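As structure tokens, here come the structures.
Two complexes come next, and they have one chain in common, chain A, joined by chain B in the first and chain C in the second.
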Partner chain A sequence: MTSSQGTSPRGAPSTGEPSARRTAMATLANATIADLEARLAAHPLPQEHTIIRQPEIGLVMVRGRAGGTGAPFNLCEATVTRCVVALPDGTTGFGQCLGRDKHKALLCAALDAYWQQEPLQEAIESEILAPLRNIETKRKEQTKAEVAATKVDFFTMVRGE
Partner chain B sequence: MYVAVKGGEKAIRNAHTLLARDRRGDTSLPALTLAQMTQQLYLSISRVMAEGSLYDADLAALAIKQARGDLIEAIFLLRAYRTTLPRFGYSQPIDTATMLIRRRISATYKDLPGGQLLGPTFDYTQRLLDFTLAANGEEAPATPQTQAFEAQERVPRVTELLDDEGLMEPDAELPEDHEVGDLTREPLEFPAGRDLRLQNLARGDEGFLLALGYSTQRGYGRTHPFAGEIRLGEVEVSLFVEELGFDVPLGEMTVTECQMINQFAGSAKAPPQFTRGYGLVPGQGERKVMAMSLVDRSLRWQELGEEATSPAQDEEFVMSHSDNVQGTGFVEHLKLPHYVDFQAELDLIRRLRAEWFEKNQKTTGETADLEAAQ
Partner chain C sequence: MASANLEFSLAKAPAPGLQNPVHEAQGIFRALMNALARPGKLQDLPELDLNPPAPLGKSTAAIALCLCDYDTPIWLDKELAAAKDVTTYLRFHTGASFTNNPMDAAFAFVSKPENMPPLSAFAKGTSEYPDRSTTIVLSVSSLSHGQTVKLSGPGIKKEQGFAATPLPPQFWREMQTNNELYPLGVDVLLAAEGTVAGLPRSTKITFQES
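This part shows the complex of A and B:
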């Protein structure tokens, strides 16, 4: 897995297929290991995958943009763990998430592989990804509601009166 | 100059045992856990992540614990650790407009679209010590209030609001083929582009940048700043993976961003408009991003056709001295044995003194002879 120096397209990809897969990957990357394991305990995956790239910890240089929208610059590195698995039919699954949790990267890779199997995709979407999205949405809504309660309206005092 | 020394192994070993004992402190008290630190000392964690230039809260906690709370020592430990890891690549630039916002304020617009959200802030506290935190069995904090909110996919930045009228300087783009500078890969050279300056400032020492930013406010390179917008929250980080052909989400990262807006009366190079300084750091670091954006703006004097008169505008001075790991290395190396060097200095001073006294005596003697003759 290598990354090109800023030559890749900005934002989400245009083709439909990777976009659904990307959404699934985002849900997995944002889930806590505890939530992920809880869902997998309730809905176990087949165990047909083999690891073709062992979970590995490394760095990604995170970029920002000058002024928020201008030219990119290097902000800081972040730890990332990645892993690749393969199914007997040759399908490969990629797992990658911020942090140093090798087990989580492996679970993400396996889920990415099985998600690409037509018969399994629906079950993974409804039994694993939907509940994880639910948890994520609830967490975000809670944050937004708490922050909204600190919304402030300042009154400007007129000078010299 | 430092000259290598040998020996002292036993004393060094024993000193490190003492250090380990002192680091742990009274063993009848429970040891700090990393989870306690990431949860309860997050602003220390943030500073170590920003200046260590490595986003990993657990590693920052470990470094702070090992360094006995010395944040610069902890930053040093993170910088050393990162060199042991492979680099997978460069992320897509994060988009702070899509942030899950936990705080967002503007000192320039009372009624900005999306609202002013105070979030978790020390602002408006009275800075009185809270002794209930010192008491055993600290009470659980009150449950935060909640309020209905408008769903917003994208919260526009304040700097976009004036864009239409041309009153606000647009963000500078660089040519498509410009390779983003990376000072972890190539040594610093001057003049440096804004990409390298921003990277340098993002990992620069907060105290140093605060002092420089403060100096610009006090008149050393005045920039007339307003805090256009400060925001804190989580953004998605993604990495383009060639095997997959799309940028893969890696998870969310906490960042703090500051847009400083500066009055600018115009120059031969640019019309009167509001110009901008930018600050961005990993974690929660409001003071740091504000100072960073003040210094970023000051360093842009050449591009805007201003006169350079002050330390905060001196790119080489600022960028060469902002790094506290480099600074610590050079200052603290003075502790190491300089015996040979000092012996040489001692001989030199002895010789100079002998010459000085000899010359002085001769002159005094001559003066005395002259006086006697008269």
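This part shows the complex of A and C:
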């Protein structure tokens, strides 16, 4: 598996406001498996999906730009697990997340598929995605606070005379 | 490279691929490797839970899922190329691109060998790179150690009787010409239900005297 294999759903805008589906997939990919399973235990999903691409582990190239504006360069390779499921009506759900957790990729794919079903979307948004977003925001804020506490302001240093 | 104008859409989910991609693909690869190492000898493919879209046969689909990837352009015969489910299935599971020109293909899949183009239409490699040739996978209904032709050459102890149907009438003559091109030429895999046999370019073909 490489990043050049174009099997992601087409048509999603690459710039501007990310689509709702994209936001949902990102939330799932960022959640920990423990949080995901806790939410799914509280609000179980239907089990109608079949796996059309078994979870598999591969590498993607992470690229960066110096200062965010320079020429792109290859930074490193990251381990990614992906999985695709299908519902009986032909809807496909994609799961892609960093790391080697095949079970998490499968859960992400299934959630993506059910999220596209109109009757289920609202429940998934409010019962699964919203709590996961809260956890994510809290975790980010905690990291921010921890980092802020160790910040050194070089401009307050007095030059030795 | 002329790339075929074959649309790719996931409006409807493709059929599932291999259930256990690593081990099943290894099993298929072993059968294919032995098929080319022992020309004309029938090799059993592993038991697979595959339901590829018609007219793609189960054995042919197994070979495609095992060997093809984003680096190997695929040529399909008219029947396969016309079936949208087949192109979606192959593109989704292998990531390979399609080509309209058999000369550009790394693999060619033929579901109706009676109507296939001559072997000379496919890439035979170059003197510098004889490996840049097409491997042709023919779906046949029966394969046997019958008596149509005798095979001899590398990988065959004395000689090996071989028969397959259906094949185009000029097929074995073309295979003889293909053998004369060695080290250039195409390699042929014949896939029947659950079995596969190989006819590499190194195999010499003689007709049975009757």
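In this text, the second predicted complex is superposed on the first by the 131 of 161 C-alpha atoms of A that agree within 3 Å, B and C clash if a C-alpha of one lies under 4 Å from a C-alpha of the other, contacts with A are read in each partner's own complex, and residues count from 1 in each chain.
As a convention for this text, a residue touches a chain if its C-beta (ideal position, glycine included) is under 8 Å from a C-beta of that chain, and two chains touch if they have at least 3 such contacts.
The structure presented is a predicted model; accordingly, all values stated were derived computationally and were not measured.
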Winner by number of chain A residues touched, once chain B and chain C are compared: B
First (chain B), second (chain C), both or neither touched by A:Q121: neither
Which superposed partner A:P72 touches (first chain B, second chain C, both, neither): first
Touching partner for A:A29 - first (chain B), second (chain C), both, neither: first
Which superposed partner A:E56 touches (first chain B, second chain C, both, neither): both
Chain B versus chain C as contact partner of A:Q142, first or second or both or neither: first
Shared contact residues on chain A - chain B and chain C: 2, 4-6, 9-10, 56, 92
Footprint of chain A on chain C - complex, ascending: 8-21, 70, 92-93, 95
Touching residues (chain side chain B, partner chain A) in the complex: 49-50, 53-56, 58-59, 82, 85-97, 100-103, 110, 115-119, 144-149, 157, 159-160, 170-174, 178-184, 194-196, 198-199, 202-203, 236-237, 239-253, 255, 257, 259, 276, 278, 280-282
Interface residues, chain A side, partner chain B - complex: 1-6, 8-13, 18-19, 22, 25-26, 29-30, 56-80, 82, 92, 94, 96-100, 140, 142-154, 156
Complex contact set, residues of chain A against chain C: 2, 4-7, 9-10, 50-54, 56, 86-87, 90-92
